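Quick heads-up: structures coming right below.
Paired with subunit B in one complex and with subunit C in the other, subunit A is shared by the two complexes that follow.
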Partner chain A sequence: MRSFNKIEENDISFFTQVCGEGNVLIGDEISEDFGRDEMTPESMRVMPEVLVTVDQANQVSRLLEYATQKRIPVTPRGQGTGLVMGSVAVHGGLMLDLSKMDGILELDRENLTLTVEPGALIMDIRAFAEAHDLFYPPMPGEQSASIGGNISTNAGGMKAVKYGVTRDYVRGLEVVLPTGEILQLGGKVAKNSSGYSLKDLIIGSEGTLAIVTKAILRLVPNPACTVSLLVPYPDALSAIRAVPILLQGKIMPVAVEFMEGDVIVAAERYLGKKFPDHSAEAYLLLSLDGRSKDDVERDYEHIATTCLHTGAIDVFISDTQERQDAIWSARGAFLEGIKAMTTEMDECDVVVPISKIVEFLEEKQALEQQSSLRIRSFAHAGDGNLHVYILKDDIDDATWEKQLHLVMSALYRKARDLGGKVSGEHGIGFMKREFLEQSAGAKAVSLMRGIKRVFDPEGILNPGKVC
Partner chain B sequence: MRSFNKIEENDISFFTQVCGEGNVLIGDEISEDFGRDEMTPESMRVMPEVLVTVDQANQVSRLLEYATQKRIPVTPRGQGTGLVMGSVAVHGGLMLDLSKMDGILELDRENLTLTVEPGALIMDIRAFAEAHDLFYPPMPGEQSASIGGNISTNAGGMKAVKYGVTRDYVRGLEVVLPTGEILQLGGKVAKNSSGYSLKDLIIGSEGTLAIVTKAILRLVPNPACTVSLLVPYPDALSAIRAVPILLQGKIMPVAVEFMEGDVIVAAERYLGKKFPDHSAEAYLLLSLDGRSKDDVERDYEHIATTCLHTGAIDVFISDTQERQDAIWSARGAFLEGIKAMTTEMDECDVVVPISKIVEFLEEKQALEQQSSLRIRSFAHAGDGNLHVYILKDDIDDATWEKQLHLVMSALYRKARDLGGKVSGEHGIGFMKREFLEQSAGAKAVSLMRGIKRVFDPEGILNPGKVC
Partner chain C sequence: MPRSPHIITCIKQVPGSTEVEIDDNGSLIRNAVAAKMNPFDLFAIETSLRLKEQNGATVTAITMGPPRAELILREAFMMGVDEGVLLTDRRFAGSDVLATAWTISQGILSLAPYDLVICGRQTTDGDTAQVGAEMAEFLGIPHVTNVRAILSSSDESITVEVDLPGAIQVACLHFPCLITVEKDIFQPRLPSFRRKLATRDKQVKVLCLDDLPDTDEKHYGLLGSPTKVQRVYPPRRDVTKEIVHGDPQTLAERLFHELEGRKFLQ
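Right, the complex of A and B next:
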């Protein structure tokens, strides 16, 4: 591991000179929130030495150039909604708070692009687009995440089945390299074959190669009509078995979510609101959209019939905005609902081929029985991305550590054997590095490390993450 | 420039041992075709020293490992349909002919993927998918190109407006590194956030980082109905001005091609077949698809009305397969048609924001007048990707070289000023390196070179290309 320098008085003077007095916090002035993300165990919290709030690329540039010269570790931070400690300053040093760089800078109607700063929230970007009758499709469960974070992890979310992931909606990036140089990658262009795609390399690199200071997003026409179908099944496996059948037809659903009854109950409890139904063991939640009510009606009749043919108990159709909001806000609260069920937990964000979800869930069930740990899960079933949560409950620390590692290792091994990957959308961060190396192999990780050295020879940018 | 070793007798023995007697050709045994691509000027042809036909990844692996040890340059070759000398062995050495690795290996209906070898032709992949009522959308003008080449240049083609480019349809790759190691990148998964996207780095890297030996492609449902609209406009600029207006509506056309009357005439002459109309100065050719005839009819009525509002002279609708094939095969013959008009030519494959195509074409017109060179063009107008051809005709070599460089430089400079890129889909290859450096900037190119060294420390793989 590289040795970094501690931040000293004269460093703080420099940060203050660049960003202004009120934007540089040290020691106890820094809120404890900046020492963790949404899933950091108590025992692993690490505070940055200094927290600097930046509001323009030029400041980021000056700070990174300085940090490279002085060998000070730098951790970029958006909303801190990650789950793998990607935005925690595990080596201390300087944390760059980008949340104030939250401008929505330009809507370009002719090129159908939206230029934003990295701190802009997903919910605000989506609302802004919709107010202009346009659509930004990526919809992670955590709508209060920042676009910078979503780009850094190539977040996918619920609408990836039809619309794809964040990568598919990033036309261009402005990034600051660890040397302080500012690069424009891509642009308002729909095609590009002009050398290696540095833009695609930055997307998903979790802030370890460069810091995104601007993004040009692609928008699409806003679908006029959306309908959701909540479909109860007698058990988890019969619900999951229906998924590839639903996706083989001519109708491409926007979303196909899988959820278990007790996770719904947990979300109801967390929100204090009722879901339309929670009596079944398992559900699929589908969403369809289209240009007219007639189109979507025809589609959902067809999909509903297919659901019933695949063993569904019933099909509840939600075609008003209000009812859909109720369902999807409950869906958005699953993570919080599960967190509220237990004392501490860790998650596994694997993605597997759609045809292999059943096998993966069978393994999960077997592990739950063997380990005596509670395991809860929900899944973006339409794209094979599962979120599996292992709950600590009241188990003692030593047993928990041991059992957790056994279960996690078994889950990741199973995913790899099924042709899956360690992370579908949450990234590797600090927590999943061991599993990345096992899954991707030593050679792929060594190429990643080589690329890291090309961008960041001093290793100052988000050290200890990914590879 | 690095110094390479010439191939000697014992090297040839090794190649023969790995690939078999009939698969190793030397000197005059090698057809002259392997010394050029579709646009290599006579004066720039370079023959490889040895041409080896491979038929499995394991052979590629052994040859690359050997070539790295012996410092022998290796040029991968598919169908040789490129336009920038990406598949020409500019340093001599070993050429790997991958065209016999053309298997379509597996259709996976549950995961909607098609696994193919790199030599499989785009036309065969598309036909195979359609025979199974599925659809592989990327449709470059050159349908006899290989998928390996399309992946290497991130080819886009005509249907990118609605469906995106090759990158969007590559789920996984098997690649052989210059060291001989074989890596599996991505897979049958729809999301991935597991370290840097090496897969996306390989896509568009023009065979300079690794050789693709297998690809897992994503397929989508086959649209039941497709219609094409040929729309004459009084002049080029009024046709182009209509494009952003057409794209701002709720209907996303599959393709929006721009063409000039005399390019159509040239294609007619080349094919010996008539186009439905060639009397106007300029045309848009639109394609629409959908799940039913009714849906598409409603869409094209709306689009046709918009065309007439934007100054179109008429709208010819082609709704039979036969008439559409006639139009699109003529469209596919544009490049050959223009080639047949002149003695020699060079092309410029810029991509600009859609809103800037008019300005770019105005510059092209001005340059044509100033330079006294004939310039012909057509464009994937719906995605801003223009193909501009500068014709030598009967100009003497010295004047041609000088004028060509002036015009090319001016075109690329204009594209850059408009926020465009050097290449939309044909790549950089050997011919456009100067313009890549000018456009992307020294720092971006130096990062690319750093990445190149990580993958290929001895620089043996497709040397002299891209960066």
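Right, the complex of A and C next:
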């Protein structure tokens, strides 16, 4: 890694000239929130030297061109809701706060696209679409994340089984390269076989190749009716074993989530709200949508019958907004609920083939028994994407570091052996680079580094991340 | 051997959204929109089922409405209710609070003996929160509204906590009696698919005006309704936002005063 330059007075003058006096904060003026994301351990917090709030692509362009010339590291930042330190300025330098670029710019009804700025929040985009009887399907647990952040990690979430992930809903991007050029990639077109898909390369690149300043999102018609099924199983493994069977049927659920009783209780405590059922150790939560109540009822009866055949204790039906809120608000609070259970934690966001989730969970259970650590998990089971959290509790730092590394290494090794990947949706960021290299292999990582050099010859953009 | 307690739970089918049409009499046109069980009634059903689990009561759900209101009785079966009664008759149409309370209380009388009547706090369409109390008056039984907790129950009485403005009252009511329960007294259970399969062929008891103890048509429907509705419209939604700027100290103080002013903090 080549060394970077520290920010000096004349640099700050330039930033102020570009963005205005009140939009440049230095040192102690910067809130400590900008030194971490949602999962950064206390010991690893790093503050940027300067925080600049931008509101136009040409500001981003001028700042990046300048930073490349001056070899100043630049970290793009949205809502800071990431889990792998992707938006933490690990090399200090300049942080670009894009959260004020939050406009919803254009709804194009003929092309079913919505053009937004990177700081627009997922919850606002979804609400805007729904107000126009349209639907933006990607639904990560963190609805207060920004679309820029979701694009940077190719976020998936809870509707990916039927609808896919963020990449499937990005038609076009406006990006600023580290050298300052502003590029339009993709567009409002539905298909594109015109050379390498640079747009798709940017999606999931975690702000290491370019900074997104505008996105053209694809919308779909709003499903008229949605019903969820909360399916209790006697234990975790029997719930997970049912998943491939449910997905083999003729009806494609929107979501197939896996959750365990103690995580539900943690979410209840966090929210101060009761979950509608406590009868089982483990649950699947399925969601189905369709054009009419009758259509969806026919579909859910078919799936519910299959659930009973796979050993479900019962199938509970959530068919009104009140019931959906009671279930899905708890589901959305799992991460915060688990965080509130312990002092510190680290997470593993592996994705494995759906048929291998059982084996992965068995490994997780064995590791929990062998180690002295509590391990909690939930999963987008229909995507084979597990979120496993290792809790520090009251263990001393040295033991924690050692045990955590052992457990993490074992989990990632198991995922790799099962044909899985390091991250399903949270990204690699700073925290998971070691495991990416092990998983993807030296050649693939060297190709990634080559791509990085082409986009960012001086390596100033979000350094220390991904590869 | 003494019979098991009989709980009657009053439920209602309401429009699934606030975008409803009104006819010339000021009544909601119910066929035009998707319908659902009144959300407040889910808490009444849950309270009934908790008591049933404690003391082996039989729970009957009763509703008044058009034939398609049977759907919410089927939903009540799916939650664990034992019997369902539908009060339906064209002559009930256009009932105001008074006529509704009279009709359902007549239905309850025809289901006697009963020990406890449980209602939700209010409906989301009529919004009066008066039908429960009026029914108790017609039935000549004691009642309390706004029950927020069940403290105990026996074969003869029930002790409840009542959420009054500025005070919590503990009340013991002897059976037969009526209570209306607050939202969040319990988290309502979800309808069960196993119960749906098991109760698919279960009959709902249908009562029309001629089946009730009082068969005087003038007491029912529009004829029995002194209320004349001038105009009905959905409430205005206030979505104004205020963004406050300032240093953390100022913002914290402002937030505290806002919360205090809205009685979230005391």
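Quick note on the criterion: the second predicted complex is superposed on the first by the 467 of 467 C-alpha atoms of A that agree within 3 Å, B and C clash if a C-alpha of one lies under 4 Å from a C-alpha of the other, contacts with A are read in each partner's own complex, and residues count from 1 in each chain.
Rule of thumb we're sticking to: contacts are C-beta pairs under 8 Å (C-beta built on N, C-alpha and C of every residue); 3 or more make two chains touch, one makes a residue touch a chain.
All values derive from a computational prediction rather than experimental measurement.
In the superposed model, A:Ala398 makes contact with neither subunit B nor subunit C. Of the two partner chains, subunit B is the only one touched by A:Cys467; subunit C is not.
Taking subunit B and subunit C in turn and counting the residues of subunit A each one touches, the greater count comes from B.
Judged by the touch definition given at the top, the superposed model places A:Val352 against subunit B, while subunit C stays out of reach.
Applying the stated contact rule after C-alpha superposition, one finds that A:Phe275 touches subunit C and leaves subunit B untouched.
Here subunit B touches subunit A in the complex through residues 108-112, 153-156, 160-161, 164-165, 167-168, 177, 181, 183, 185, 187-198, 200-201, 203-205, 209, 220-221, 224, 244, 247-252, 291, 295, 349, 351-355, 380, 382-385, 419-428, 436, 439-441, 443-445, 447-448, 450-451, 453-455, 466-467, going by the rule given at the top.
Looking at the complex, you find that subunit C touches subunit A at residues 16, 34, 36-37, 39, 42, 78, 186-194, 196. Residues 229-230, 273-277, 293, 301, 304, 307-308, 314-320, 322-323, 326 of subunit A are the ones that touch subunit C when the two sit in their complex.
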